[in-house]
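Shared chain: chain A. Partners: chain B in the first complex, chain C in the second.
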Partner chain A sequence: MTDKTDRAENEIDSGRRDFIGVAAGMTAAVVAPGVLLHTVAAAPRSEPVTSDVRWGLLVDTAKCADGCSACVEACNDENGLNLQTPPEGEPDRKWDAQKAVWIRKVKLQDNQTGRVTNLPMMCQHCEHPPCVDVCPTGASFKRADGIVMVDRHLCIGCRYCMMACPYKARSFIHQDTTDQLTSVPRGKGCVESCNLCVHRRDYGEASTACVDACAAEGHHAIVFGDLKDPNSAINQKLKEIPSRQIREDLQLNTGVRYSGV
Partner chain B sequence: MKRIVYREWRISPQRYWSILGVLAAVIGIGALAFGYMEHQGHWVTGMNNSVVWGMPHVFAVLLIISASGALNIASIGTVFQKPIYKPLGRLSGLLAVAMLMGGLLVLVTDLGRPERLIVAMTTYNFSSIFAWNIFLYTGFMAITIAYLWTMADRQGGPFNRPVGILALVWRLALTTGTGSIFGFIVARQAFDAAILGPMFVAMSFAYGLAVFLLVLMFAFTEEGRPIGPLMFRRLKNLLALFVAIVLYFTLIYHLTNLYVEENAGFESWLLLKGGIYTFLFWVGWVLIGGLAPLGILYHPELSKEPRWIAAACALVIAGGFATMYVVIIGSQAFPIQMFPGQTVLESGFFDGIDGRAAPYWPTIPEVLLGLGGVGVAMLITAVGVRVLQFMPESLADNVVPPCEETLGRAEPESAPA
Partner chain C sequence: MAKVLMRASLVAVSLVWVLAAQTVLAAEVKRYVVEGSRAAELDSCVEPTERMRRMHFEFIKHQRISTVHEGIRGTKYSLAGCVECHISYEEQQPQPIDRPDQFCGACHAYAAVDLNCFDCHASVPNGGGLDAEAQAAHRAAGVEKLVQSGRNGEGH
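Right after this comes the complex of A and B.
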């Protein structure tokens, strides 16, 4: 009785073994190329961000044209901000104050001389960002490559970073987001701001949407690049023309520099 | 002086339950407002990308600093050993816990992602004063409850003074921390001032005592418990002193700003051209919250009338509300000075075109949410005094411990006590 049972069990076991062997082999054959391919494709994104680079922008206000908003429109397209729609029944004036704006054009006039300057304002990607200091959860953070951004999973929507930012660079998402881009996930109740087109950085692309748009208009008022690379276009330009930081007195060492302000 | 007997609040059940009913309704409406704001998003509030903290924060900060101020009464009794304040200690502790709960609830229900509160409690960035405040607030609650135990339980007696000292130090840290939420902000002209920390402490003394006095007077009159003129005189003099200190800090804050040229633009806006903010500063902060109550509290006749003292307390609280509105919202409405010496002609993001202030007008849900927090504070207090012995049976002159101010004249023999 016991012998019979043992034999029967052994027979079943060997059958099972065979099946598992074949199944494993087939699975490996089907999945392996995919895994390898995936690994190859993901290479630039899987490398950790390093502090060997520091991304930044240089704005030459002499070249920034009055009335041109190409950079703003390009940013809105790139990050899906043009998909924002006002909640039903909200008056335009209120919506203007509540919708997310990552980059804006500002027109200034010197009180003394009357000289008019145009420039784009966005997150200045400070080396010592006040928004990162004040964030209670660490959702507001600075990447090793100098990009200051918000971890949308950690952000509790307290908006202290918006209180602390000297550049008014941040926006709070006041309403449900109905449409958004895969590369730029957005959600109600979180804070967001310019992240120097971080998805482009992760794919190793050369520039940002605002810079491309400005160049396409023929203005070339914004230069993007690595502030740590002495040979980068931005560093060459910084050596050539005088530039400064907005609110230099705060000594935040911004990654965005302006010329002619 | 007799032995102080503490008793539950024994007003008629009908009266008590109707009070609870009203408070529950206020809280219920506040909860509905929270649900609405959470579901719709903050677009239903007046808050925007320029004025990011609005009416809920005015309520929350007022409640939180009043909470720490309310505990002051207990501290004066225990730490500074003024016997006449000792019978008031328990109610002072209860009010402190209740108002802190109310304020914190408003604060967390206004978050963009309130469901992520657990993130705020598990992930900390210790360079943020907000993260520190989470510990300061919960610690305050725990210490105050322990403090109440030392006051009410015989076994806790020996720990009364050490816990009282800890509670005093803690509350000073807490209010300084709350003031520093604003004081540490370099970005905005009205903030970035170390004086905001101590100014908030001074404000907490005044608002906390005003709330305490009103609650005490209401609870005592409802049940017919007596408060003697001696106690009234002591408390109203203390309130007047605190109100004067707030005015002093206000004066120094603005004088400093006026002296420093870079802040002159902000001062001329707030003091003269700021519309609603100018009005609230002069009429609310200075007149209603400062000069008017001072006038009443130091008036030779009016200051003896409990009704007028109650009116002065109400004025201090109303003034405190205006003060918080100016400090929190006015300071955000004034445009950030990014380009000194330049005028903003055009901007795609409300950068203060021609120096104009940012728009903000509170909406009903925000106000209801804030009132809900006040309701929570009052409900906790009402339940607390009903079920536990928080209030002395009498504060009549022949019951309360001797007042050292009058010892020399009235009761010289009891001086050593």
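Right after this comes the complex of A and C.
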């Protein structure tokens, strides 16, 4: 118990130090990323990812519209999730509960005040991911740049990670899959979840499918960016508006943050 | 004594015969590159052909680890890359590369290798935008040094 508190305290501290260190030391380098983004955009990554960046999302729930599912659809499109077909004879309700989804639109209502909040819920890309802790094969892992994902070559489909995830962010593929996209292989017997459009990351693209779609709808409710770069759009926004981690009591230090919840 | 000599020369003759047969085999080794694929128009694979035949699965496996765990996409042994260059077309339609009459499938059928890679991986180039990039990546990769994977838990 004490151990745990110690751990949490240390990390909050070391996190702060990192941020301040970066803020103080790297003003010069900060101009570069914006410029670099464009030159990098064409070139696929040839060096291993590093922990110099940590990718994250900030969701402004005040801007997340009721009834809009642009982010979900864009995600499905980008990752070929919309190519799934229900097994023959499966009732719609069961299929809806079982098909793979990487983003869920969640609607919260405060029963005392009646206030309704909409938000997209996806893998929260924890710094201390429970799914990685429980994985017996090492398939669930956190990439150096903070993306939590499944190495499907190692996944045996045991689904411990699905049970360990406090956010219900992971899906299991129950049946044979065809017509997958080249950039997003996926198939039966493995667990999968949001990987912050990892293929886009590695080809140097600026954002994720959900963020682009949300912006295209004019909502701009999701911001993507590097949590370690003090000048990134996401950090500017984090500085500006109050935000929270969902289930912050679990001290997982999520990479996806929400404001207005 | 004569018997022994006889035997020895028989052995020698059969040895020569076996060797000769092998050289003939080597010269006429069946080729698997399929007409109408980009590979059919090129002189060589991403490595010398002999090396590819013997080693391709090792290359792909190392690539797999460095891509999935380290995000490296610029190297030449990408599985998507194999498919993109070795795919063949019939009436403009790409033919799934793992089919027993196609590049990977034909040789694997011959060698009794059963792959499940294409349960998940697209067996035809598929997915628009990134494809062009993958192609560019691929051509660029010709000059790129193979980045050795630091994370190799698979006993190599």
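Basically, the second predicted complex is superposed on the first by the 217 of 261 C-alpha atoms of A that agree within 3 Å, B and C clash if a C-alpha of one lies under 4 Å from a C-alpha of the other, contacts with A are read in each partner's own complex, and residues count from 1 in each chain.
Just so we're on the same page, a residue touches a chain if its C-beta (ideal position, glycine included) is under 8 Å from a C-beta of that chain, and two chains touch if they have at least 3 such contacts.
Values in this document were obtained by computation on a predicted structure and should not be read as measured data.
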First (chain B), second (chain C), both or neither touched by A:98: first
Partner chain in contact with A:62 - chain B first, chain C second, else both or neither: neither
In the superposition, chain B vs chain C on chain A residues touched: B
Partner chain in contact with A:216 - chain B first, chain C second, else both or neither: neither
Partner chain(s) touched by A:206 [first = chain B, second = chain C, both, neither]: neither
First (chain B), second (chain C), both or neither touched by A:188: both
First, second, both or neither for A:241, with chain B first and chain C second: neither
Shared chain A contacts, counted only where both chain B and chain C touch the same residue: 138, 176, 188, 190
Of chain C, residues touching chain A in the complex: 64, 66-75, 80, 83-84, 119-122, 125-127, 130-131, 133-134, 136-137, 140, 144, 147, 150, 153
Interfacial residue positions of chain A with respect to chain C in the complex: 42-49, 80, 138, 141, 143-145, 151-153, 176-177, 179-188, 190, 198-199, 201-203
Contact set on chain A toward chain B in their complex: 69, 72, 87, 90, 93-101, 104-112, 116-117, 121, 130, 132-138, 154-160, 162-168, 170-176, 188-191, 246-247, 250, 261
Chain B residues touching chain A - in the complex, by the definition given at the top: 40-43, 47-50, 52-53, 111-114, 116-117, 119-120, 123-125, 127-131, 134, 181, 184-188, 332, 336, 338-339, 341-351, 358-359
